[in-house]
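Some structures are shown below for you to check.
Two complexes are shown next, each including subunit A; its partner changes from subunit B in the first to subunit C in the second.
Moving on, here comes the complex of A and B:
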């Protein structure tokens, strides 16, 4: 391919090829300060014109790679960063078998990890981004990688994909050079990426033992409810992209997780309430 | 050309330098559905750490695929046992059930079985009774197309296991020119330890060759050709394979496809074959088989289109094909 960049996120390496210079240049800028990817990439993704003439004419990006969904819709070139991110996610979701993948954010404090899972809109990215600026180590906003052999969580700290209102909230706290370009009208609304703190990048090979699984819900009055292991198990099977494919190893990893980690569901009307709730729950769990 | 690198890695693993372009090799192998096979072939070689880790992952995945495919076959066996008709496993699942080397690390798509044509209706009913469901609407054109012109029923998918089964009554579409002898395929099939059946060794190769050469546009051809290489090496250990294969290929009207497959396997994978099975004239086929670059992309679009047209023409006479394409375009 004409343009290429190699990226490393936690234990996983990617090779991204692009028919255009733009997305590769944007990725290089966004991933500044990430460690070298090394010679061998685990996954290859390709950003290609949806049709040959679409390289120039209303350029649109088709997501291709080692693993693809047949019906993934193309994106305009201006959303090249989103296309690259979706393509990398897809390789993980469809191809990865070394880890049990949970669709979850994660943060770490004192060597113990908090897993934050939920549907789109529950606040995974927002909460993990915020905690990452306030005394926690950011480990990831999209996938939590559970090692089935050790039960440890691997960081997957790609740039945080902030959406809509969360963008302004983080812009108020974080230096401008850590942000990517603003992308309007993507399939998920307005998106702006934010690079994690340098410390989170420097420690991206450092695993953490999971200590709590949080099931947040945004837009409701403050509420806290314990989630038992059976419910946590069922909800996490839904939140895992490769649970079925991991077969017995996935089952063992997940039952191990819910039996050793308390689960808590919280409802929160705003980020400040969530932050206060999480700090309180974490302090109680540590006691 | 990364397809060439992939072929070399499969054919002669020791010849790979430790600093070869692993990323391209892995992408090409994934695109050709040969990654599990490659992971097995290179298992005992010194490899860069990341490559070794990836291959271990793919071997574990192939093992899970194996268990799942055999379980699926067992479920079909239980559903069909009361009918008392022979049920012959085809392709990958048969290789796994028989413990053939061609099954090592192999990817498995659907469960393919062969049953007598006059039992099709009751087989379909029994499968539907056991949890398989129609994928296509029963009154649509696709459904009609399958029943009228294909060598298999419209695919059924299991509602809980999410796995597809293709029920064949022969190994090529009835509209294609060669008319394999389906009754002989069934009559000479062998019983497997799990109570299901597989084709005789010669028919397994004839089927693999029909699948590679005489059916479709040769997409995934390197994998199908690898099957043929492994099958020939394993079956040729028995005395007299080549003579029986030649005879059988003629009997099924697939002499040309079988001979070409054997030549291609010899040329690309170095399969040992007798002198009178060698020859030339396969340049275009080799070109098509090797059209995969280090990014996993198909190259040589014109060759590909040629094989697409060829694939359709072999399946149907031109007039019938025109009617079919018109119907599909309107839908």
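Moving on, here comes the complex of A and C:
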């Protein structure tokens, strides 16, 4: 690989290589302050020209790695960070066996973790980014790693992938040096990455016990509804990328989680309402 | 009882399964297929009744020690549940 960067995020190590200097340099800048991984990485991601000659002519990135998605769409080189992120997601989603992977954000306070799950657009990144600036420790915006043996949640504090309106909201309260480049017209719209606070990186090896699972829905009037353990189980099996591959360990991990953690669904019309709801629910749960 | 036993013999394939009841639903992990099933009554009770081989009639008799059926009631529903459980792999022909 011509250009390469090795990174550790929580318990996971990545090696990202590219035929181009640009994406690797952008990754180095964005991941400033992350520990460097050793020689053996858990996942290898390669960003290579879709056709050899395209390295010079209209460059476009093809994603490759230990697991290859055959129809992974080529992305313009300007979207190299998005391509790297998608490839890292794919590698983990398909390959991870140490942890039950939940498609969820997570934040921690007082040693207890809040898991925020939901489909794209539910507000995982927006809410975890906001909470991470307001007294919570950011643990991840994409994957929550549940340890099947201990029931503990491992941080996976990658740079937060802010989309569309969430970008301006965070730019208003976070220093500019923590942001990556703005990428327009990606498959997920406009994207700008934001590096978590230094504290979240310094504590990336510090696990937390899950205390609540939140199922947010954005764009609806304020509403709160408890989610019973059976419903939480069903929704979390769907939110997990490797539940089936984890077999009995996945079943035990997830049934353990839903029996010990209350589930709450919230509808919210704006981030301020969500913040107020989460703080209230958290305070009530802690009593 | 006392009638001739007819129909296929079934047995539950859940000896190594893990299960847990939550909110009246039974979550069951079936190692042979790697699938997780979410079962509503009476399916878990049927599986329990099929720990030993039995035909539909025998299952009905076993269930009637726990549940109150009117005479002639339940047979049709039981056939339907048995067919579902068989297609899901949780019950097989003995």
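One rule holds for everything that comes next: the second predicted complex is superposed on the first by the 287 of 287 C-alpha atoms of A that agree within 3 Å, B and C clash if a C-alpha of one lies under 4 Å from a C-alpha of the other, contacts with A are read in each partner's own complex, and residues count from 1 in each chain.
Basically, a residue touches a chain if its C-beta (ideal position, glycine included) is under 8 Å from a C-beta of that chain, and two chains touch if they have at least 3 such contacts.
Just so it is clear, the structure is predicted and the values come from calculations on it, not from any experiment.
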Once both complexes are superposed via subunit A, do subunit B and subunit C end up clashing or fitting?
fit
Of the two partner chains, subunit B (first) and subunit C (second), which one does A:159 touch, if any: first, second, both, or neither?
neither
Going by the contact rule set out at the top, does A:228 touch subunit B (first), subunit C (second), both, or neither?
second
Have a look at where A:210 lands relative to subunit B and subunit C in the superposition and call it first, second, both or neither.
neither
From the overlay on chain A, compute the angle at subunit A's CA centre subtended by subunit B and subunit C, rounding to the nearest 10 degrees.
60
Could you tell me if A:196 is touching subunit B, subunit C, both of them or neither one (first, second, both, neither)?
neither
With both complexes overlaid on chain A, does A:97 touch subunit B (first), subunit C (second), both or neither?
first
If we overlay the two complexes on their shared chain A, which of subunit B and subunit C does A:263 touch? Say first, second, both or neither.
neither
Between subunit B (first) and subunit C (second), which does A:247 come into contact with in this model arrangement: first, second, both, or neither?
both
Looking at the overlay, what does A:39 touch: subunit B (first), subunit C (second), both, or neither?
first
Thinking of the overlay built on chain A, is A:10 touched by subunit B (first), by subunit C (second), by both, or by neither?
neither
CA minimum distance (subunit B, subunit C), superposed complexes, angstrom:
5
Hey, what residues of subunit A end up touching subunit B and subunit C alike?
247
Help me check something: in the complex, which residues belonging to subunit A touch subunit C?
228-231, 233-234, 237, 243-244, 247-248, 251-252, 255, 258-259
Per the touch rule above, subunit C residues touching subunit A in the complex are 18, 20, 22-25, 27, 29, 31, 34-36, 38
Interfacial residue positions of subunit B with respect to subunit A in the complex:
19, 22-23, 26-27, 30-31, 48, 50-51, 53-54, 57-58, 60-61, 64, 67-68, 295-297
Residues of subunit A touching subunit B in their complex?
1, 13, 15, 17, 38-42, 44, 46, 64-67, 95-98, 245, 247, 249
